[in-house]
Structures are given as structure tokens and as C-alpha cells.
Amino acid sequence: MAAHPPDKEHLDDHMVKMEVNLDDIPGEWLGYVMDLLFEAGANDVFYTPIYMKKNRPGILLQLLCSLKKVNTMKKILFSETTTLGVRYYPLTVHRLERTYKKVATEWGTVTVKEGIHDGIVVQRAPEFEECKTIAEQHHIPLKKVYEQVWHVMGEET
Amino acid sequence: MAAHPPDKEHLDDHMVKMEVNLDDIPGEWLGYVMDLLFEAGANDVFYTPIYMKKNRPGILLQLLCSLKKVNTMKKILFSETTTLGVRYYPLTVHRLERTYKKVATEWGTVTVKEGIHDGIVVQRAPEFEECKTIAEQHHIPLKKVYEQVWHVMGEET
Amino acid sequence: MAAHPPDKEHLDDHMVKMEVNLDDIPGEWLGYVMDLLFEAGANDVFYTPIYMKKNRPGILLQLLCSLKKVNTMKKILFSETTTLGVRYYPLTVHRLERTYKKVATEWGTVTVKEGIHDGIVVQRAPEFEECKTIAEQHHIPLKKVYEQVWHVMGEET
Amino acid sequence: MAAHPPDKEHLDDHMVKMEVNLDDIPGEWLGYVMDLLFEAGANDVFYTPIYMKKNRPGILLQLLCSLKKVNTMKKILFSETTTLGVRYYPLTVHRLERTYKKVATEWGTVTVKEGIHDGIVVQRAPEFEECKTIAEQHHIPLKKVYEQVWHVMGEET
Amino acid sequence: MAAHPPDKEHLDDHMVKMEVNLDDIPGEWLGYVMDLLFEAGANDVFYTPIYMKKNRPGILLQLLCSLKKVNTMKKILFSETTTLGVRYYPLTVHRLERTYKKVATEWGTVTVKEGIHDGIVVQRAPEFEECKTIAEQHHIPLKKVYEQVWHVMGEET
Amino acid sequence: MAAHPPDKEHLDDHMVKMEVNLDDIPGEWLGYVMDLLFEAGANDVFYTPIYMKKNRPGILLQLLCSLKKVNTMKKILFSETTTLGVRYYPLTVHRLERTYKKVATEWGTVTVKEGIHDGIVVQRAPEFEECKTIAEQHHIPLKKVYEQVWHVMGEET
């Protein structure tokens, strides 16, 4: 599956996972670092609590990015964290085809993202940010918004 | 809210949280201990990973039970874990009123548990075990079962 | 230490810790719930990963609030999470006296919060949000901002 | 070490680790997904709590399987979780030779699994499920069963 | 169970749990803080990874100490961590009676600590530090030492 | 970047990550195993709490080492843990150039390690062990030592 539109199902074998172990940085800086890495084009960034030497609670920073972003990510990691080394290795990502539908609720429409595998819809998820905006604007629980979207989604199947 | 039917909304102030720190027991035993504590009447049992002295990854076992179950729980904790001490303290639990509805799907009915706060339904959750049984028997994804239950739940509102 | 200005060192014994175990709610909702609880006046809100029955990764939601906020918090927890019960217990909080200083950097002033115990400054921390704003506006690493604040703080001792 | 009986010590370089980040799925579903993946032939499946964007507590699902199982695993991950992408990379596994001994206790025999490295027994572990069955049937602490097995194992060395 | 020798089974209701949330301190400092708290007489100290506001990975420091140690612990927490507040609440600890036995191995004797509940031995654990010293001095795996201690312990029952 | 002095910035592509899942070993043994692996030349060793099958809290042991250390590490893992298999995969590490400076405090000099990326100092960290020794010998909070080092570091820029 070489050249492909980004929203079609495909195997992406130009992805890299980068990792850093951190035991000498305060947690409040790490919230900020995550934002910077996303803004610079990381596909995902996440933290795992780890047990490091000398009884130190540490953090394992992991990020996923395309090969061509590796240097950009390194630059941020070296500038904004306290690490002296960054490790990385290649991996393959199988991505589903994505389509988007509109679902009408009493408070307005919500986008539902669908994931398609071998031509069959296997995922259907309301867009979180849209549901949240409705919940805030109408002063209703977020659950209520999801419940109505799920109800209407069912009708359309 | 003194005497009350157990399914009515009420404050329960005869509850206790018990805790044990464990760094000298294998994880496979702890899966079994959780079962024993539930069978003996614990309201909930859960584990948290903790960092203990000398670089030891440990487990904090916590359980919730009624005051009258404290001795039963102690007996299990002392017999089945490796601890030399059990600590505990009282707490209050605010429990919602619970009612149960039936929802019809194409694969059979599913119970939906409702939680009621001040007379208003604030929680509606399909019973997990029933959905799982349907998924297994009909060889369909669990998600599909939930999606249909959510759809039908919406109709009945 | 009965009546006291809120910024003086004092013991606060009108505080409550509230807790909820959650295994049937997606993580993306929980990011939102945390915001709502803070906005409604919680002193702190934090999540801990827990191991629950039936091999379920769950979340322990904990929050700290004053006694008079308990009902407000319950309302949010019942409306916005999936729980059928909320537990809580009282605790005492020893709070340091807080004062604020200004520190001049080449990019502008930064507030340093000080914590005072028995009349002695034991904590000195640059305000995170101000340092972050400087870092963003001047396109410099956050570390650089902290390093300069720490340097200047030292001079003033 | 090309062709080899599966219980002999060998290097297996046809193994793959697959990973999915999840922040929009309830924990109770994940207990079920783990079972499905094991039943379909995963060598191991495990969850790690991770910190994802927007303050979301998430779960990193990791599994190990042979190369030829990759498509089977993908199918389950796409059908039963909420992910739109699955990532994976190859790894090598060094497996010990395994042998099994029988140990006689007062409650019946227990299998002890041995791991052999370069011809030397380096691991000896009573089979957990057998010890658990004895504990349940004889109403004795699991610890007692292990203690007796360990005692008898020592005799036979 | 009022006055009691410390090694007899008893309920201790003069215990306190203290807690601090930390998101602005590096992990390497926390390894040191744990040592200081133990040296000053804490009964236990442990860390839990928590998710704090603004996407910050934080640490929940918990310690157990007797009521009369509360001020000593506060002093260390305020001096050595970055917190502006410490919270605490009382709890009860049920402690087993403790006795100590000697067990002879081929490399020397090892102390086995026993825990006694209602007159019955429910816990038997080789002292970790003694086993570790033997393993180091004799260049043998720690497992081997435990296996032999367990074997001999069984004989003496 | 083929042959290089170890303290110059370079890409190291002879590194390996090794992993073991553990659910049948007590935490106190794992503190010891970490020490052994470091002594034998591991570049880093760290533990992550994981959720394994049958409700077992487990530990993922990860270590980084050079290719030529793989057999040494395997030997320790098989001897000192309870695993029957070790998995591993290669990765690349980008290491910064390291230099060391001396900084004078009122209690003696402290080494500051600098990390250099593309000729620019991006990291500056006081050596933890030296700061800790000063704190212990002079009976001052560790924070005070760091604050003074940071202050003096700033002067020298």
C-alpha cells in the first residue's frame, strides 16, 4: 500500500517511537512539554509512571511521529526536558479508513467519526470536543449529549 | 436517613476502608485474594501500584466493607496475604436509589440499571455481564450490543 | 487557630476527601470532569490508576474540598460520572502562610510564591503560568526562564 | 536455532509486539478484550496506565504474538476496542527449555514447572492453578499450599 | 487492648496517615525524602503516581506515623518537598504478634519472622536483608537462598 | 558518526531494550534485581506497573544495554527473576555531548553536568549525589543546596 490518501486504510511504515526516561524534572513542566510536542506534529504523546533507581518515581515519555519529524522532536526533547539522551525505533502502523457523518441532536449536529476496516464500519465515535461544547453551552451533563448521539446513530444504521 | 430499604438513596455511615501495603507477595496470589474478599462480602476491592522503600514496586490493597465485616476481612487478609498489619478508618457513602429496566434488543432483553438522585435519573448503564453473554453467544462485538442498547434506551426516554 | 486570614499559616479541619471508583467511563470524559470539579471549587482533584475486579483497569477519582462544598461536588460526580455511590471522610490540612514576591528577569517580572512555616520561608516557587507565558512569547525553553528566576531569587536572599 | 521442539530452549525471532493507546473505552470492556485476545492465541496481553492529552487517564494495551497471528489480533482490536490504528514491531524472544515435575503434598500432587538455561535448572515454580484448586477444595490458605510444595521441592534437589 | 508490649497482637489507634500531592518536584529528590522520613520514625512511606490538573504527572506521597510524630513529619515535608499544605487523618492499625525463629541453611542461619493472629501462626517470612547478604557473599541467586529457607522451614512445622 | 569519544554527541545504534513481564515474584526481590543489573553494566533499568491476566498486578521490567551485554543481562534475568522468557529489540540512542563544570557554594564545590546539542548547552544539572552529601553533612534541606547552585550557575552564564 504505497501512495495513498491519508484517510484511506493503509499500513504506514515510516513511523518511529521515541522514548525518554525522566527523573529530574517536575511534573508541571511535563504538561507543557506534551503540548509543545503535539503542536510540532507528534501523532501521539503519552506518559507512563516508572520506578527508577534510588527509589525515584520517574516518568517514561513516549511519542509517535513520522520519520521526517524525528529531528524536530529531538530538538524539543533536548530543549524542554532534562534528558541527555533520546532513544527511538521504527514501527508499523495500520490505520483504518476514516469517514465522517453528521448526526442531528436537539442541541445541534455532532460529527461522528467512523473507522472502516476491509470496507466494514468497525468504529463509530462522536467527536468529543463537539459534545463537550454542547454540554457547556446548554448546561447539561456530557453523558446526556452522548446518550442522545448514540440513540440517533442507532436509527441511521 | 436511618432505616432504609437498601435500594433507596441513603447515606451509609457504617462503612470502613481497610488498607494493606504489600511488597513481598507475588501478583498471581493477589488475583486470588481479590476473589476471596469479594466472596466474603467486601463492597469493593482494588489495587494501586505503589513505590515502597528499597526500590520495591509494591501494591496497596484497599477494600470497602461494612463495619460488621471488619473481622471477616482481617481474617482473610492475615491468612492469605503476607501482611503483619491491617489499617482502617471509617467513611460515609452516599448511595443513589437503584432501579432496573428491561430493554429489548434483537438478541434478547438487557437489564439497564438506573441511579436516581433526588428523584431524577442520573445514571443509566446496561448490565455488563448480560451484554457480554449476548456478544459471546451471537459472535458479535461487545460494542455492537452496547450500541443497540443505547439506541433503544434513547427511544424510551 | 480558629478565625484566620486565609493566607496565614493555619490548621483547616473543615476539609473532606471524596472518592469514587470508576471502571465504566472513558478516559476522555474524565479530563472534562476534572475541569468541572475545579471550577466548582474543589481544592484539588486527582486520578490514580487502580486494578478492579474482572481484570478491569479503573480510575480512583479523589478530590479535596471544604465541608460546605460536599453537596456541590456530589451533584457533579453523580451527573457527570457513571458512579452510583460517593464516599468521603474528614481530614485536617496544615497550610503554610503564603506571600508573593516579584522577581525581575530580562523578559519581565515573575511572581515567586513563598511558603512560610513558623515564620521561616521554607518554599519558594516561581509561578508556573507566568514562566510558561514568557517562554511562549519569547520562544525560549521554559527551563531558561526558570534558570534565570532561580538565579535572581538567589541574589535577593 | 532454527527448527526446534517448542519446549526446548530457543530464540524465537518471529514474534511481534502490538500496541494500542485507548482513552475512549470503559475499563470494563477491556477486561473482556484481554480474554478474547488470549483465546485467539496471543502469547501475552497486558495493560499499562498512561497519561494522555487533555488530562485523560488512558490505557496502553500491549500484546505479544507470533507473526502469523498479526491479522487475527488486528481484527479483534479493531472490532472490540475503539482504536483507529494499531502499531507493531518485531522482537526476539529467548525462551528457556521447560520441563514438568510432580511433587506430592498431603492434599495431592502438584506440578512444578522448571525452566532450564544452558542445561541448568534456573526456574522452579508450582503451577498456580493447581495450588489454587487445592486451597479452595481443602479450605486452606493458598500460602500453606505453596509452603508445603516448596518444602517438598527442596527435598528432591 | 490498652497497654501492651509492642510485639504482642494489638490494636493501635494512635496512628495517622499523612498525604501530600506533588507536581513540582523532581523524582530524584523524592528518593531522598523517603529516606529522611523513615529515619525520622515514619512507620511506612510510599508513593503513588497520580494524574493532576493541566496534564501533569504527579506523585501522591503517603506516610504512616504515630500521633506524636506528626510534627516531626510535617517539618520534613515542608523543608524537603515543595508543598504548601499537608493533610492527615487518624486510622486504626491491627498488628499481629511477632516472633522470630532461626533457620539453618548451608550458608548460615536466617531469621524467619512469624506473625501470630489469635494464637495461630499465619505469617512466616525469611528476613529479606539476611537472605540478600547470603546471596551476595556466596554469589548465588537470591531465589536459591529463599528456596532452601522455605525447605527447612517446612521441616520444622 | 562511527568512532567517537563516549562523551561526544553521537548516535549509538548498538543498543538493545530488553523486557520481561513478571507476576510471580515479590516486589522486595525486584529492588535487588535492579541493583544487580546496574552493577553488571545496564545503561538503565526501570519498572512499570502492568495489569496482567486473572486480575494480577504485575511488573514490566525494562532495561537498556549495549548489544554486547545482552547475554550478561539474560543470565541475571534468568537467575534472579522468575521468568521463562526474555524479549528484546534494537534501538538507536542519540546522546548529547557531556561536559562538567565546578560551581562554588558556601558548603563546597558541586559538579554541574552539561549536555551539549549541536554545540549549544541545552542541559545543566547539578550532580544529585554531591548535593545530597552536602545536605546531609550540613543538616540543611536539599532544596537549599540546589537553590544556591542554581543561583551561582546563573552568574557564570
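We just call them A, B, C, D, E and F in the order they show up, numbering each chain from 1.
Following the convention adopted for this analysis, a contact is a pair of C-beta atoms (placed from the backbone, for glycine too) under 8 Å apart; a residue touches a chain by one contact, two chains touch by 3 or more.
The model shown is predicted, which means the values in this text are computed figures rather than measured ones.
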Both-way neighbours, i.e. chains that touch chain F and touch chain A
B, C, D, E
Find the chain most remote from chain E, comparing centres computed as mean CA coordinates.
A
When contacts are scored as defined above, which chain pair ends up with more C-beta pairs, A-C or A-E?
A-E
Over half of the contact pairs shared by residue number: find the pair among D-E, A-D or B-F that meets that against A-F.
A-D
On a CA-centroid basis, which chain has its centre farthest from chain F's?
B
Whole-Å distance, C-alpha centre of chain D to that of chain F, is 28
Find the geometric centre of each of chain B and chain D from their Cα atoms only, then give the gap between the two centres in Å, rounded to an integer.
25
Residue list for chain F, restricted to those that touch at least two other chains:
24, 28, 34, 47-49, 51-55, 57-58, 79, 82, 89, 122, 128, 141
Mapping chain-to-chain touches, which pattern fits: line, ring, star, complete or other?
complete
Can you check the complex and tell me which residues of chain F touch chain C?
49, 51, 53-55, 57, 122, 124, 141, 147-148, 150-155, 157
Using the touch rule from the top, collect the residues of chain B that touch chain E in their complex.
21, 24, 48-53, 58, 60, 74-75, 78-79, 82-89
In their shared complex, chain E is touched by residues of chain A numbered 22-28, 30-31, 34-35, 47, 49, 52, 54-59, 82
Chain C partner, complex, touching residues on chain A are 28-29, 32, 79-80, 82, 128, 132, 135, 141-143
Of chain B, residues touching chain C in the complex:
15, 17, 34, 38, 44-49, 64, 89-96, 98, 113, 115, 117, 122-123, 125, 128
